[in-house]
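Next up, some structures in structure tokens.
Here come two complexes built around chain A, the first alongside chain B, the second alongside chain C.
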Partner chain A sequence: MGNENIFDRLFETASRRIAQRSSRRSLLARLGTVLVGAAVLPTLPVDRSGRFRKAHAQGFAEQAQTADDTQCNYWRYCAMDGYLCSCCNGGVTSCPPGSEPSPTSWIGSCLNPDDGQVYLIAYRDCCGKGVCGQCPCLSTEGEMPVYRPQLSNDIDWCFGARSMVYHCTGAGIVGKA
Partner chain B sequence: MAQRRGLLSAASGMVLAVLVPGQTVVAQQTIEALPEEARLEVVEEWGVNVLPEASPRWVYVLDVAFDNLIASRINIYDSDTGRFLGVVHSGFVPNLLLAPDKSELYVDETYYSRGTQGDRIDVLSIYDAKTLERTGEVILPEGRALLVSKLPAAALSPDGRFVLSYNMAPATSVSLVDIEARKYVGEIESPGCALVYPTGERSFSMLCPDGSLVDIAYDESGGAEVFQNEPFFDSETDPVFSHGAIDIAGGRGFFVSYDGVLYEIGIENGRTALADQWSILSAADAEEGWRPGGWQLLDYQPALRRVFVLMHKGPKWSHKWPGEEVWVLDPDRNERVARFALEEPAISLMLTRESEPVLLTLTDTGTLGVLDPATGEQKRRIEGTGLTPFLLHAYAE
Partner chain C sequence: MRRRAGLALLLALALLAAGGAGAAEETGEIPRVSAVAEDFSRNCQGCHRADGTGACRTVPRIRDFVGLFTRIPEGRDYLLRVPGVVWAMLDDARLARVLNWMLVSYSRDEIAPDFTAFTEEEVRAARKRPIADVLEVRRGLIAELQRRALLPPGEDGLVSAGCD
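After this line comes the complex of A and B, so read on.
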């Protein structure tokens, strides 16, 4: 899958960076090319749709709409996990007052039913406040255990934020798939 | 509260809080300054209750409190009576560990110095199992993985000497804590694998993205040797749930996959190898849409030599749906020996760690069921064990 390969490449880059400055280089060297989690890569988008993009998009797209971003079936939320920032006085690309956007994100590929195009969506958590609690949209379609972190929704993705306390999630377009 | 009321500390006898009807101000005065009639005439002794040694029938319910994640708690119940025994309050997405000698319990947890903000503090908190007093702590300087609480996110070595705390930053490692010395030892680097499954006194395994287990042997100073294995399941098409069960003494472990394949892992000298695999679904079961699902959805009880799994009917990707039934599997003969319909769908289950165990089930609204593992009969129902409790723990006999 294309996105997986992108992800793997990003992780390989991260692995090399870790190896370069790790005091346990010998261990990492022995492990060779095995996937190592990304260390401090604040702008690394993490692909949480992966190979299930198609299945997820197909299932989601049938009921997706483009009018109301406070509903779980808003088209950009095809790989959404969490509380909608749009319901918390934030927006699809803005955090609610007092919270901070995480510099890390995971990625989905969502079909816009208006133009029929598939867009890359970066899901960013807003952090540093307790759980917003409004509009939970927790999908398990394509969701994997935490040993496949890029596809797991059991992980707090506020990596790189000043506080990793999770508040809500938004969904910004970062390109065309 | 409208009545004249004082809470008197018999020990100090110095300060009294007075609540005046119709007023919101709480004044503090010395007892001597109060009028005679405001003083309590009888001073009763106040004590603090202490628990006896933990019974294997006590259940520790970990409530992640999803709508208020920074303030979780562990509620303790006697499953024989339904009685509430105590609580340990905990931080952000904690993990609970119970010392094998029943003397202590450990909470692997995260706080911020200003609640949701400020300095991050990752800490292993140490509690006395009888007084439930916080008796010590070990700071985890490299942090811990912030996952919605899962059993394999932290583990004790079988002798209780070391804590292994899974860490993800997002590079993965395991923080090693020496409980005896109350000391953080160091990080054990992981080749991108997750969670911790102890396999021996000084060994554990982790689940890897490619569907393999990596076996890691460590020593008391944090030195580690890493042994990789071939994948034993297909992590692309049919991943295993991370809530498996390991019986170190019996040398076997079990994982079930989203599509109902039960994998048995053989364990010898800290090394793992696939020992067996079979589908727990007959063609008819699969046709009806039965699947494993939930949170803490699988357990193996060595005294019974049975695997228990929460099952529901649902489509693909319904792997977190609560179980409508418990299926009882004989992993020696690879067959299902019983199925129990639950009164309420459950997200978690466990078998108590004793020779004549009970089956405990937990709903996502906090109702604890106590069942006979032979018949599935529900013997007791305990409501209100948490806001959003996810995990069940109990001391071994």
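After this line comes the complex of A and C, so read on.
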């Protein structure tokens, strides 16, 4: 058969060359390395904070600032749902006169754009005084639906306080995550 | 023996982490919380509070209290099956770790002398059997603790002296 295709010949030459130079064992070994690597990689220890940092960096933190705590984009308010105590004669960690801090709070986390660190934040409601109504803010980073109440900001976190009447919300730092 | 070593390690870790996040913001030194303390913060601390004192009549205190439950068999079971534990957004291994950490961090003196640390397997099994009526079960346990004189009458971890 003299009319052999040139591609057939080229391919035959190439595959014979490969077959002469490499063993099937080396192929198995390399393939094995790849397979084991693929299985082990997901189980290696990972930096937990990175997961949150990435999520934070893509969301609220892009527009966040660290200077003015009477604005909704103040960095600690990444999961704030309520009226800012800073706008109600209180502060970011203090309740306005006539209201009292709830003993309970929900814990979220926000990225501080100044130092690139993720901080655990306690969103604490001030209670026992009519609703403040100043500086309403709504951010939902890391927040969960109400059927996960310990991670939800939709509920009145005044439980445990003497009065369930909601006034405003502050944002204290728990620690670096 | 291995379990005891594990408990000792936990104890050491808890002591290291103790003092953690309190009035940090005022002093200007903000601590980095350990992985297990972060799990506690995100899942438990909102209601039980950083100092473990809970809230009068609403949230049971854990400080100087929660370890008492390890002194009766049903109490150990209760700690694993109480709704906040069962539904926590943590896998079984991390949940076991945070429970052990909580016990030694907040209530070391109350833990039963023969207590063995919670294991991942134990947590996994218990999560399949959540307590249905938590208030009734808890009342029963408090009565039993009081009957054994481990708890003074009138003290139930919910309405304590100092409640206003």
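Definition applied: the second predicted complex is superposed on the first by the 113 of 177 C-alpha atoms of A that agree within 3 Å, B and C clash if a C-alpha of one lies under 4 Å from a C-alpha of the other, contacts with A are read in each partner's own complex, and residues count from 1 in each chain.
As a convention for this text, a residue touches a chain if its C-beta (ideal position, glycine included) is under 8 Å from a C-beta of that chain, and two chains touch if they have at least 3 such contacts.
Please read all numbers here as calculations on a predicted model, not as lab measurements.
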TODO: On the superposed three-chain arrangement, identify whether chain B or chain C touches more chain A residues.
DONE: B
TODO: Applying the touch criterion given at the start, work out whether A:174 contacts chain B, chain C, both or neither, answering first, second, both or neither.
DONE: second
Open item on the list: Just to be sure I read the superposition right, which of the two partners does A:148 touch: chain B = first, chain C = second, or both, or neither?
Closed with: both
Open item on the list: Looking at A:140, would you say it contacts chain B, chain C, both, or neither? Reply first, second, both or neither.
Closed with: first
Open item on the list: If we overlay the two complexes on their shared chain A, which of chain B and chain C does A:156 touch? Say first, second, both or neither.
Closed with: first
- [ ] Could you tell me if A:130 is touching chain B, chain C, both of them or neither one (first, second, both, neither)?
- [x] first
TODO: Go through chain A and flag every residue that touches chain B in one model and chain C in the other.
DONE: 104, 144, 148, 159, 162
- [ ] Going by the contact rule at the top, pick out the chain B residues touching chain A in the complex.
- [x] 66-70, 92-93, 110, 112, 115-118, 120, 145-148, 150, 168-172, 189, 191-195, 206-210, 224, 226, 228, 235-236, 239-242, 317-320
- [ ] Note which residues of chain C are touching chain A in the complex, please.
- [x] 20-21, 24-25, 30-33, 35, 37-38, 41-47, 49-50, 53-56, 58-59, 84, 87, 89, 164
TODO: Would you tell me which residues of chain A are touching chain B in their complex?
DONE: 11, 14-15, 18, 22, 24, 27-28, 30-31, 34-39, 51, 104, 128-131, 133, 140-149, 154-156, 158-159, 162-166
Open item on the list: Quick check: in the complex, which residue numbers of chain A touch chain C?
Closed with: 48, 93, 103-107, 109, 119-120, 122, 144, 148, 150-151, 157, 159-162, 172-177
